[in-house]
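Please see the structure below; I have some questions.
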Amino acid sequence: MNLRDVTVIEHVEVQGGYRLLVMDAPDIAAQVQPGQFIHLQIPDLRDALLRRPFSIYNAENNRLSVLYKGVGVGTRWMADLKPGDPLSVMGPLGHGFPIAEAGGYPVLVAGGYGMAALYIAARESRQKGTAFFGGASAGDILCVPEFEALGWEVRVTTEDGSLGMKGIVTDAMDEWLAQNRPEGEPEYFVCGPSGMLKAVGERAMKAGTKAWISLDNNMCCGVGACLTCVQKIRTADGAWEWQRACREGPVFECREVIWDGEESVEHRTSNIEHRTKS
Amino acid sequence: MSDVSVNIGGIRMKTPVMVASGTFGYGPEYADLVDLSGLGAIVVKGICVEPTLGNMTPRTAETRSGMLNAIGLPNPGFEGFVEKHMPFLRQYDVPVIVNVWGRTLEEYADIAEKFDSVDGVAGLEVNVSCPNIKEGSGLFGTDLNMFRQAIAGMRERTRLPLIPKLAPNVSDIKSFARTAEDCGADAISLINSYPAMAIDINTRRPKLANVTGGLSGPAIHPIAVKLVWEASSAVNIPVIGMGGIMTWEDAVEFIIAGATAVAVGTANFVNPLTAIEVAGGIREFLDRNGMASVSELTGTLET
Amino acid sequence: MSDVSVNIGGIRMKTPVMVASGTFGYGPEYADLVDLSGLGAIVVKGICVEPTLGNMTPRTAETRSGMLNAIGLPNPGFEGFVEKHMPFLRQYDVPVIVNVWGRTLEEYADIAEKFDSVDGVAGLEVNVSCPNIKEGSGLFGTDLNMFRQAIAGMRERTRLPLIPKLAPNVSDIKSFARTAEDCGADAISLINSYPAMAIDINTRRPKLANVTGGLSGPAIHPIAVKLVWEASSAVNIPVIGMGGIMTWEDAVEFIIAGATAVAVGTANFVNPLTAIEVAGGIREFLDRNGMASVSELTGTLET
Amino acid sequence: MNLRDVTVIEHVEVQGGYRLLVMDAPDIAAQVQPGQFIHLQIPDLRDALLRRPFSIYNAENNRLSVLYKGVGVGTRWMADLKPGDPLSVMGPLGHGFPIAEAGGYPVLVAGGYGMAALYIAARESRQKGTAFFGGASAGDILCVPEFEALGWEVRVTTEDGSLGMKGIVTDAMDEWLAQNRPEGEPEYFVCGPSGMLKAVGERAMKAGTKAWISLDNNMCCGVGACLTCVQKIRTADGAWEWQRACREGPVFECREVIWDGEESVEHRTSNIEHRTKS
């Protein structure tokens, strides 16, 4: 993990309000693992102090890139960034996706920036399986050619039917699973809104397969110091403890995660341990 | 070059700039980025006797020039802390100040006594911004009588330097400062974050699961400077000033107002090197102004 | 279209958005730019019985997301105000609320009685954030007993709607809110600016001639929202929320927290049309959410 | 007085850190009187809320211009403004300089942005006299050719002697007064730091001539509402009252102004009256 002043190299609108931001950040780029994120300080951001977390879309040739959408004060302000502008970047952060199990059939499931967050995992995976991308509309479906170029079969779902199948991503998944028998156990790699994470996780648990889900918890420090981003995580003995999405996560296996509102399990310790997962 | 070392109730610090409780974890979180030995002191996240869960999420929210937090003091308890975190902290040449709290007067006294025999603990900062679950509505930090009992009870049970951390939401900070001194505190620190809240207007729910939280960051700096000025005018023990320090200039304001040392909190989340950079800025300021040590600056406000 | 009119203790306002005392002069200052009849109410700068000088300069200083002021309540006194400013204010179809204050209990009661017979005054907002020069150190706004006496004394001497304006720097805002209600206040308003200070590190002097001043602006908004939420939960009279409103969203937070009306202060200095624009934003928000009137939104926080 | 969203037309560095900012602001430009100012909201200025006051340098052809120097958070940020950027402007504000008395000899005295603040007055004045410009160094002496083009004799003083006479502006004035006898009573129009205003005022009072001085008081609202910018002003009966630099000023006759630290005069009323000077 490093803290670096980096320079914007490229900043372009991709589609549907999503923008690609490429930075020159050699030492951070060199360390990136699939599913990690960076914590960005947006310069001169009026009265909004805190850094913003972004999944690393790509990290190659000394460059680091993220794909993001303008949703609030910070991301809208980022629209003004131009090549040559300075940024402060902390990263790479968090524990990301494991390597897909040998002999399994990897399935990617993504919504929104989740497509970007899965790109490195998709590239690093030796087996290439199927990727389910979902969004409200055609503009929300990112990077399809890039994933196809890596050798993945991409299946698109949009809520308005403007691209691919009409519906939500799990509809497409369910249909596909009913019709196909992948060689090898499906192993899910999921990044998107909580509803999607939960839904895919439920299917995986039912089927007895693994689903690695990347949590979208609100973050503050990004490194484990503030305890903002905590998630209830099941412990080996059936109780639960808080773990930090920014440090022990953002990726957890779906069985580990206890969602808000789930029937209460005994809280074991509030002890945040410095798990070394990777 | 000016001497920026300070002595806070017997705790010797290489610089007058500490990191504030709850904003720097237990040390390892920022150790990749920050030379911990270059800090004035590390104040760890609040510890109480038994492991504690803390609040549900969301626990923080951004506000204009500030943030709200209602973390709820989750912690591994005394034993968990000493076992898991002290070995790491002992590796560094930096004073470790443990921020402690309790739910009852007994818990305050107990936690003080427990830490008395722990190797590597330089002092205790006492967080009194928590409700007294036994006596009901009152808060240790805003009820002068409960505050006195908590600090006096701890004093009897520990020889460690004791640093009560004053709550800002009182009308007369001076009486809390004086009471701390009367009870044998070695220093005081202030301010803790200010009780506040924010509402998501679309869901009409509070932005924090806990409904209310504490406001910190540059928004509260002018409030903190005033309280530090008042508190330091009321006591002879050293004062640690905090609240909204982002730059060395912010820290110098506290020192001129009467602080012997300062602590950086929220700014760590923006730039973890803030405490180091602030210490450097203070040293240069002293140099430029021909001052041999930071003590020449403390409390020099001309009114 | 949603109905945004409100009734504050008998004062009928076309919109729930007033301009706060001390930030809008006596009316004419912004009349070139703002349609005064489009405001919920105009609250004029604080008036006491006799003409008053106020503080020396500098009187204001900018802080992060806020400002400090220590104007010191200069005013032409009751007679000067009524003679010079009321004729102008009477021209407009907008409630005029006079912010009043005193140095002693007698002065509070006297100024209340004097205004009772003045044509065109819709109500009195009572500024209690001033020191009691007779009794010494205590402040009317932070000493519950003095607060009670001031408000009760005024209630006896005027039939005008009485709106005590609570000081924020107290540990228990609810008791001040309840006391106001018990004394017969028709509404309460909060918060006044928060005691604070800033220091020029080069001269080592306070940035304000008065040393300390009041912090206002978006920096204090989360503190104000929490105090409004607490105060409104404690009383049945309407609450006027203020502190850091820059946008209609800020105002809606106050309303959801329990405010019947709101006031815009510091934002007037940035954009004098803020109060008008905030009222428009509230109306559109109500429309979008299918609410027939602003009262459907007041106090709807789900906790 | 208007409040307008205006557009930057030109923004260039002039010299010595001074920049010229030209805005398209037809209705404000049309109303400008000599010595008035505008109150500028600097967009997206991090956590600094308040407007900044700037003297109007020129107002012609629907355009409004100011000359300013980067001294703090706001003026340094303004450096990034480029043609096409929006700004919010309130103005014109304040009571400025009167027209020079017929039969008198107008003398301008300026330091820093004072040179800009006097330009319209210099142009409107039927008689053209002598202008004394002072500054620390050559870079601080602005607009000399512009004033000369209007027909003024410009005499420059710099503290380091890098341009004109070495010394301060009143040295040059004193020397000139000792050697010259202008046709007509000198009437001073002064804008610059307080020390300069005071020094010129003292000379004018001694000589029994008039000096109009433009105060540089800190401002907040700019329109008379907040009572930040007040100055002790002598009343007809020998006492004093507060007047607002932003509304009754910024220009006062030197005899009116009571400086901080001057022996105390009885305070008459604290009554801010809505003086109509113009």
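What to note about this one:
Each chain carries a letter (A, B, C and D) given by its place in the written order, and its residues are counted from 1.
In the analysis below, contacts are C-beta pairs under 8 Å (C-beta built on N, C-alpha and C of every residue); 3 or more make two chains touch, one makes a residue touch a chain.
Just so it is clear, the structure is predicted and the values come from calculations on it, not from any experiment.
Under the contact definition stated at the top, the chains bordering both chain C and chain D are A, B.
A straight line joining the Cα centres of chain A and chain C is 48 Å long. For this pair, chain A with chain B, the centres built from the Cα atoms lie 35 Å apart.
In terms of their C-alpha centroids, the spacing between chain A and chain D amounts to 58 Å.
Centroids of chain B and chain C (each the mean of its C-alpha atoms) stand 33 Å apart. In chain B, the positions touching at least two other chains are 64-66, 218.
Multi-chain contact residues of chain A (touching two or more other chains) are listed as 47. Judged by the touch criterion defined above, the protein chains are all mutually in contact, each touching every other. Across the complex, chain B meets chain C through its residues 63-66, 68, 139, 142-143, 169-172, 194-199, 201, 203-206, 211-212, 215, 218-223, 225-226, 229, 244, 249, 252-253, 256-257, 285, 300-303.
Interface residues of chain D facing chain B in the complex, by the touch rule stated above, are 47.
The touching residues of chain A, counted against chain D in their complex, run 44-47, 77. Partner chain D is touched in their complex by these residues of chain B: 64-65, 218.
Residues 1-3, 41, 47-51, 88, 90, 217-218, 220-231, 242, 247, 260, 267, 269-274 of chain D are the ones touching chain C in the complex.
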